[in-house]
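Labels for the chains are A, B, C and D, by order of writing; each one numbers its residues from 1.
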Amino acid sequence: MTDIKILSEPLNTEACTRWVMTPDSGGINVFIGTVRNATKGKPVVRLDFEAYVPMALKEMQKIADEAFTRWPLNKILIHHRVGSLSVLDIPVIIAVSAAHRAAAFEACRYIIDTLKQTVPIWKKEVFEDGEIWVAAHP
Amino acid sequence: MTDIKILSEPLNTEACTRWVMTPDSGGINVFIGTVRNATKGKPVVRLDFEAYVPMALKEMQKIADEAFTRWPLNKILIHHRVGSLSVLDIPVIIAVSAAHRAAAFEACRYIIDTLKQTVPIWKKEVFEDGEIWVAAHP
Amino acid sequence: MAINILAFGIAKEIIGQSVVAVAEADGMSVGALQLLLQNRYPALTRLSSLAIAVNGEYATAGTIIHAGDELAIIPPVSGG
Amino acid sequence: MAINILAFGIAKEIIGQSVVAVAEADGMSVGALQLLLQNRYPALTRLSSLAIAVNGEYATAGTIIHAGDELAIIPPVSGG
């Protein structure tokens, strides 16, 4: 079962974690992305996230489907936030439950790594003296 | 910085997650152990955990110290519960924050794997028709 | 009939708006559309990558575009 | 002087109490203590492992026990 959402409100770690828990799960792995105060030593004022929402949801669903074929999992949750985020805000939460912890760890890592490569979501880092779309240029 | 505890009250996922967040962290990985409803197909009524508390705390601190030498991490939290736990209860929460996600994932996995091998905590699985100390016999 | 193409992230900034109309897109291949866009907006050639999505799926260069398709310009993604 | 040894988990169940007194432990090696305990409680020999902690640290077989040490019998751990 999956819960995949793009939200403009703050993400809720506790609710996400609770949602993936099932009586037949022994291990839950959760990845929480947080906005860091600096990039390569340069202070970050905020991050602006935008998404091509219908396609981003489809791509996230594909990643979850692939994870279910690769590992014996119970539930997968992927919540991604859009809009303007400050330091310590949470852009992404991925939570995975499984009977055994190895599958939960590996699938969670696979999901965040793949999300960063394929899901049409973009972030702009805003500094005191300018801004940059992350990964846009070689 | 570490927060290492053995507790007899329910563990708090939200508080644990919040504690490891720091402004210079970009990724947090959290492992949550949960009591599964069956072992090898046999329904589990409850798990009873006991610890040699002072030694367990020392061994958990050693694991955290080792993780800090192996990966660039910001904070490590290890909370383990003792007493009688039911299905869906949480025996253990491990939370790790780092500037980059790879370190957080790898350290969190290392900590739970090593905890299960070295920390003097024991669990007894209680079934309808008997009980067994996990891993006690070959 | 012109086809509207959605633009996101830095592509939106380069183009200056979130939708760009391409008059000759119907029947064109995705590869040809990419060249046309790069010609019209040379700053797009400096991106690490430039994908086109057709109806919410990544399209290959040979994909033929039809009127009614939802098209989008996908600059390098950076979610998470 | 007898030394008290803490027992946990299945070791506590085998011994029947959470503390066992060993009269001759002072000056004994950890390896000798393990043999003594296995002799006194043969069910301990059927465990996957049996460690002894001295003052809250895993001890090797050659470690010498002194009066005043905190000793503990550590059957196979299963936390997490």
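Here is the rule we go by: a contact is a pair of C-beta atoms (placed from the backbone, for glycine too) under 8 Å apart; a residue touches a chain by one contact, two chains touch by 3 or more.
None of these values were measured; they are calculated from a predicted model.
Engineer: Starting from the defined contact criterion, work out which chains touch chain A and chain D both, please.
Structural biologist: Neighbours common to chain A and chain D are B.
Engineer: With chain centres defined as C-alpha means, what is the inter-centre distance between chain A and chain B in Å?
Structural biologist: Averaging C-alpha atoms per chain gives centres 23 Å apart.
Engineer: Which integer distance in Å separates the CA centroid of chain C from that of chain D?
Structural biologist: That pair's centroid distance is 72 Å.
Engineer: Mind pulling the residue numbers of chain A that touch at least two other chains?
Structural biologist: In chain A, 33, 112 touch at least two other chains.
Engineer: Dump the list of chain pairs that touch, please.
Structural biologist: A-B, A-C, B-D
Engineer: Considering the complex alone, what residue numbers of chain A touch chain B?
Structural biologist: Residue list for chain A touching chain B: 13-14, 17-18, 21, 23-38, 87-88, 97, 99, 101, 104-105, 108-109, 112.
Engineer: Which residues of chain C touch chain A once you look at their complex with the stated criterion?
Structural biologist: Those residues of chain C that touch chain A are 6, 8-10, 13, 46-48, 53, 56-58, 72, 74-80.
Engineer: Can you list the residues on chain B that touch chain D in the complex?
Structural biologist: 33, 49-52, 54-56, 58, 80, 91-92, 112, 115-124, 133-138
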